[in-house]
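Note that the chains are named A, B, C, D and E in the order they appear, and that numbering of residues resets to 1 at the start of each chain.
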Amino acid sequence: MSGETYGDRGNKDRSITNPAGMGTAMPVKPGGHAHPAPGGPFLIGEAMTGGYGKGADILHGCTIAVERGEIAVIVGPNGAGKSTAMKAVFGMLDLRSGSVRLDGEDITALSPQDRVKRGMGFVPQVRNIFPSMTVEENLEMGAFIRKDDFRQTMEQVYTLFPILRDKRKQAAGELSGGQRQQVAVGRALMTRPKVLMLDEPTAGVSPIVMDELFDRILEVARTGIPILMVEQNARQALEIADKGYVLVQGGNAFTGTGKELLADPDVRRSFLGG
Amino acid sequence: MDFLNAFVALANFVIVPALAYGSQLALGALGVTLIYAILRFSNFAHGDTMAWGTMCAVLATWGLQAAGVSLGPLPTALLAIPVGIAGAAVLVLATDRVVYRFYRAQKAKPVILVIVSMGIMFVYNGLTRFVIGPDDQNFADGERFLISARDFKAMTGLDEGLAIKTTQALTVVVALITVSLLFWFLNRTRTGKSMRAYSDNEDLALLSGINPERVVTVTWLIVAALATIAGVLYGLDKSFKPFTYFQLLLPIFAAAIVGGIGNPLGAIAGGFVIAFSEVGITYAWKKFLTYFLPESMAPDGLVQLLSTDYKFAVSFVILVIVLLFRPTGLFKGQTI
Amino acid sequence: MTRTIGLFALVAALILGTGFLQSWNSALIILNMGLVSAIMALGVNLQWGLAGLFNVGVMGFVAVGGLAVVLVSMAPVPEAWDAGGPRVIGAILFGIAVVVAAVLAWKKLGTGVRGWAVAAITLVGFFLYRALLDPAVDAIEAVNPAATGYLGGLGLPVLLAWPVGGVMAAGVAWAIGKTALGLRSDYLAIATLGIAEIIIAVLKNEDWLARGVKNVIGLPRPVPYEIDLQADPGFVETAGSLGLDATTASTLAVKLGYSLLFTAVLVVLLILAQLALKSPWGRMMRAIRDNETAAEAMGKDVTRRHLQIFVLGCALCGMAGAMMTTLDGQLTPGTYQPLRYTFLVWVMVIVGGSGNNLGAVLGGFLIWFLWVQVEPMGQFAMNLITSGMSEGSAVKAHLQDSVQHMRLLTMGVILLLVLRFAPRGLLPEK
Amino acid sequence: DEAKIGVILGFTGPIESLTPSMAGSAELALAEINESGNFLENVTLVPVRADSTCIDSAAATAAAERLVTTDGVVAIMGADCSGVTGAVLSNVAVPNGVPMISPSATSPALSAAEDNGLFFRTSPSDARQGEVLAGILGERGISSVAVTYTNNDYGKGFADAFEAAFKDAGGEITLAAPHEDGKADYSAEVGALASAGGDALVVLGYSDQGGKGMIQASLDTGAFDTFALGDGMYSDALLADLGSDIDGSFGSVPWAEGEGAEKFKAVAEAAGVNSESSYTRESYDAAALIALAMAKGGEPSSAAVAANILDVANAPGEPILPGELGKALEVLKAGGDIDYVGATNVELIGPGEAAGTYRYYEIKDGAFETVSFK
Amino acid sequence: MIRVENLHRHFGGFRAVDGASLEIAKGSITGLVGPNGAGKTTLFNVVAGALAPTSGRVLMDGEDVSGLPPHELFHKGLLRTFQIAHEFSSMSCRENLMMVPGSQSGESLWNAIFGRGRIAQEEAALLKKADEVLDFLTISHLKDEKAGNLSGGQKKLLELGRTMMVDAKIVFLDEVGAGVNRTLLNTIGDAILRLNQERGYTFCMIEHDMDFIGRLCDPVIVMAEGKVLAEGTVEEIKSNEAVIEAYLGTGLKNKEMIGG
């Protein structure tokens, strides 16, 4: 792995290196072009194969998709490559093969920035806020690519997550876990995305906060934005899902509607904890 | 007892020089701190970047002087600063493209970049000397003093003089303007905010549509500007010599770290802390006290805490004490 | 393994080549400093390769080693001792007592008063210390300043100075490590950078200690003097029988003597380092490097181990410094420059291969060879480049004047190339 | 045939700005010898440069070793800084029996070095100049001064010698503060010196280094306006940079009474070498002495140089000035005797040291004016 | 076994742990749950020595161990695992285990160089033990693999394996279940139960998965806002009103859970 080759030998000297905020993504290089590919679902990552840097492949021909007006949920064991698949759809890692299509265009060669411009919003699983920036600045950064007046969108986000309005001058890093997740989702909404991708938005939050977050996500979905979501709280997520994917070792193990998967005894036993 | 003279003596030998020196260090430390915050490593080549930028400005100044251009009382070199900045920008951007970018793409740990910057330091060192040679170069012109010690004495009738050099005033003013501009830029503009976002969370910045390469480029451009401005002001106030610029690295680092590395406000504060401790603690207080105290109590000795040989030791000890009590420097918390 | 052998063979070939093409004296002198550099690189490699400690103060520890040579091997200056020796020692002991008292006060007193108490103790203590020290120092420095003006050393055999240099550097490193590694965040780099400057400042300005910038020259040698050999009929005869003239034979013999001594030290240190590395101790150090928090939770005292390895590495640098000063035959504090003694050693470690003791040694030899030979090589290249240019052209003159600056540039370029194409060094850690 | 002469100077490092002129001057002398056509039969002198770094004894030793054992130089013009000079002397020159003439290593400590009769210098030991400068201050009736010196063996040795002489003469030193060359800022030093006070500031440093910085800062703050300057401060660049601000200051510099220096200036300028830079005169003389000693000894060998230097440098004999090396060779060829005067009025005393005459100058209207010779 | 008395840990003005008192009985498997930011991890960190307490005491077998650094607690028999696996990534699984025992004579530099004979013996014993542990964890085929290359679940197993290299008295587990495949989690649960029953280890574990807690833990301690909110068996906790309000909530998942 690349991290090994140029490793730091355990050095953590604060006078010479800044440990904060370093990225891990190996994104698609800027400069690629999209080309038309009509038909198919609204957003689809098809037969994706690839991994991080020079390491072994994590994804093996994995396909995930979401249609307009739907919620699609991805579940699966840890390390199955769910987050990796999401990142791949967003161009945060270079695919060896497979393609990503959005709204009738093949965007496989586009860099993440260009995908944002085409209306994709993504809330990663970890490190999904700018901790030292205020809540408001976090939202502004969400609107970075927008040239128009985004105050109205910000109002909408504040209406959706009222607590954020109270805390808008506070550094996001000082918020509690649940509030951070709201900031993260709010930031993604600021782009006014055509499709929203959420990677475990409820991870590590207490059951109470989780309920609240699910309610909000449903609300967003009701505004007509298709949602592609990874969830560990699989049973709860599949309840509200139109479509469900079970990913195992980088490939699709089961696919169906949320209800179907919940009803499948194999899936229940192996992935949903019985 | 003569408070006025006491104060003037103190101002002349401690406050004014330390303010100017502090501003010079602060400008240097700003560059270091910006790279630390955004590119995440301490740039050992910063001193030599300053030397290169200044060298370009010196060459341009000579050209202007030869062409008969002058700024009247102000040094012509001010006009040459843009050329210097351009020169420095070309150098650092070329370096970034040829060297640093590769390691960024590899996700190399920041400490690797530190070591790489050592290599760059060696190379710049050679390059600057290759072009302009190792000698001392004087490129200051214009009015030397805002007010000279002699004029001050004549004006006020005091025994002590107070001299303020044009370059000293310029340094402080330019430092203030630069810092305000930088703050405005980082906190109010879109590009500035995107730089802070990148420094906070690189991956998320990417997800927000921020182009990381653009952030890096802008950072280098600002660093080139800061380095050149710092270098030219320093060179005007003292003189330009490549070796000295390498030597500046240590106090600059100390300043950045005392202040809280990664924090621009800290860089400013750190610059002044280092400068005032170097100049103040090794100052011989005899003259001041002779004026200040009643005659009967005038000191015999020099009343010097430490000989000037150890001036750097003093600032270093202060650095360690600050870090003991405030592990993240004077301005902890948010960086950039 | 083949790579290791191959690269060492290359270095050997370079040095032998120097012997054949230039002279054996040059080759030996490169070899000797190469040996010393290898030990320095070994020390830095212990710290960096094994524990990720970023020591940018190598220069300081090398200088402390140099000081040890003076303190151990020079003859004492009795007049100076009479003038103020005991007083100086008393003052220093007092200074140490003040520091200890301040630390104790900080630890023992309550939060309210301790700040003031410590400030008062240090301030009063400092003035008393100066009052004790200054007159004694003046008295010592007044003793024949051009030739002595210092306390002199202990007059012991110079070889003893090598371990003593290591111990002294270790002592300094311990004090720094205690402070810097104990800071709540890790600030070792700036601490060592600053301390190294302070050590040099002390060496330069405390004339009573080792004559300061006036230098101590004519340090005793562990090997015979060339002129003595040249005057020794037996030696001349042996030399003659080997087909050498006395001068060449004597210079070679002396240098060979150093080479043997240095090689012995390096080999012993290398074996010790390798044994330590391939033991539970080495395993523990690697574990700490991999993950400090976990190592701590597994019962390893990380701070102590970091301190241990920092002290060890610095001790090696100190010992190398002592050996180097012995080889030079003089202590010249003004010559200690970070570019040469800190950054160059880092280049050796990185180019050689951090984490691999053999790599560090290789880097030491190779970079030292280049440091010395880049100059003639550059001159040669420059002559070649400029040979086509017209005599007296400004460009030609400028190019030829700049050739000396190629050395820094070359070192930088080599470092960059290695980091790019062999990122873990020429001999990477396994 | 070629006879090689090593030119070991700090082409990189702290005095890298002085060395090109020094090397140029030395090579100028050698060129003059070669062009005269009167040197030893078929022998051409070839200078070989090497870098002493001024600070890195090991690198300097290695460079010298290469010169001696690889290039086979018969004598060394150098080194420059006293530290590396000592190292080269004891590690290379003495063991190999190669003579060295340093143009600029002025540390008094070198007088006592174990040199086996191989070490010479054309710049006088600082011990002597200290007395001279103290004398000048006495003459001017200045009895209280502050001193600042460059913190190396030159500055420190010089300052010690000066302080001793000045105090003996009843003067008072208010503060002697060293300054480091090439450092960022000198406000602290100037502040301390100003507070200590004194009628003048004695500056024993280098004109393109901290010494200039100290004067500059003192002038700027009005701390001092009269300066007594050591030899390292003597340079046209200083006048050019500081202009009329230092009018009234004065100093001493090793200098020959008479035309030696003037002749050197003419010769050097004709060859495009900056004659006003520090130690250029000494460098020219050092190289000239090596060549003349060879001529006297009749062979281009180390032994000839070592044995004849004192002879050609000192009286009796025909005085030789810069530019007259050809004439000197003729005299020697004819079996005569010469007394090389050179650019610095060379007179080697004791163990091969320059006795040195000093020029006492004062700065008037932005120019050096000779007051007298000492 | 462990008693925490009125423990406080503040960050600036913020009271992460605010007067918590609790007891972990010898031989028990105690569960620790609570809402986000309740101070569970902070409490853990204080007890395990990673953080110093602001005030209050931690007693271990009646001995005051508050503020001792982790490595000293280790030698007293207190071990912990991490929420995110902290393996030694460049070392093999075997080495990961072999480095654990504390009183290895080869860890002193002197012995490492001069006591090679004794070290060789010790190493042989360690190697045997490590292989046994790997067997127990069903990952003996991975013994020479670098730990960095293991899957997340395997790393968790290795983490647990480290506690078996020494005779730990009490083991603190921070969310062992998080991010572990259910089947694997069952294996881990079995291992924990066996260690508890066969070797008499005491466990204290933070967990959000109430099923897992229900299977292993008795008693369960609930924390909220830095204090202990409730304590009792799983059933008691699940029906405690205060706990439902602060932590479990009345959302669909818990309704289902409480309902059956």
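As a working rule, a residue touches a chain if its C-beta (ideal position, glycine included) is under 8 Å from a C-beta of that chain, and two chains touch if they have at least 3 such contacts.
Predicted, not measured: the structure shown is a model, and the values here were computed from it.
Trainee: Chains touching subunit A and subunit D alike, please list them.
Mentor: Both-contact set = B, C.
Trainee: If we look at subunit A and subunit B, which chains touch each of them?
Mentor: C
Trainee: Which pair, B-D or A-C, has more C-beta contacts?
Mentor: Looking at B-D and A-C side by side, B-D shows more C-beta contacts.
Trainee: Where the centre means the average of the CA atoms, what chain is farthest from subunit B?
Mentor: So the chain farthest away from subunit B turns out to be E.
Trainee: Let me have the rounded angstrom distance from the C-alpha centre of subunit A over to the C-alpha centre of subunit E, please.
Mentor: 31
Trainee: Round to the nearest whole Å and give the separation of the Cα centres of subunit C and subunit E.
Mentor: It comes to 46 Å between the two C-alpha centres.
Trainee: Just how far, in Å, is the C-alpha centre of subunit E from the one of subunit B?
Mentor: That pair's centroid distance is 50 Å.
Trainee: Going by the contact rule already set, what residues in subunit D reach two or more other chains?
Mentor: 12, 16, 151, 178
Trainee: Would you pick out the residues of subunit B that each touch at least 2 other chains?
Mentor: In subunit B, 42, 108, 111-112, 114, 129, 133-134, 253, 257, 307, 309, 328 touch at least two other chains.
Trainee: Two-or-more-chain contact residues of subunit A, please, as numbers and ranges.
Mentor: 5-6, 8-9, 11, 13-16
Trainee: Under the stated touch criterion, can you name all the chain pairs that qualify?
Mentor: Going through each pair of chains, those in contact are A-B, A-C, A-E, B-C, B-D, C-D, C-E.
Trainee: Which part of subunit A faces subunit C closely enough to touch in the complex?
Mentor: So the residues of subunit A in touch with subunit C come to 5-6, 8-16.
Trainee: Inside the complex, what are the residues of subunit C that reach subunit E?
Mentor: Going by the criterion above, the answer is residues 272, 275-276, 279-284, 286-287, 290-291, 293-302, 308, 312.
Trainee: Residue numbers of subunit C touching subunit B in their complex, please.
Mentor: Touching subunit B from subunit C are residues 52, 54, 126, 179-180, 183-185, 187, 189-191, 193-195, 197-198, 201, 204-205, 339, 343, 346-347, 350, 401-402, 405-413, 415-416, 419-420, 423.
Trainee: Over in the complex, which subunit E residues touch subunit C? Could you list them?
Mentor: 48, 50, 69-71, 74-75, 79-80, 82, 86-91, 95-96, 98-100, 102, 104, 106-109, 111-113, 116, 119, 122-123, 162
Trainee: Enumerate the contact residues on subunit B facing subunit C in the complex.
Mentor: 42, 99, 102, 108, 111-112, 114-116, 118-127, 129-130, 133-134, 246, 250, 253-254, 257, 305, 307, 309-310, 312-313, 316, 319-320, 323-324, 327-328
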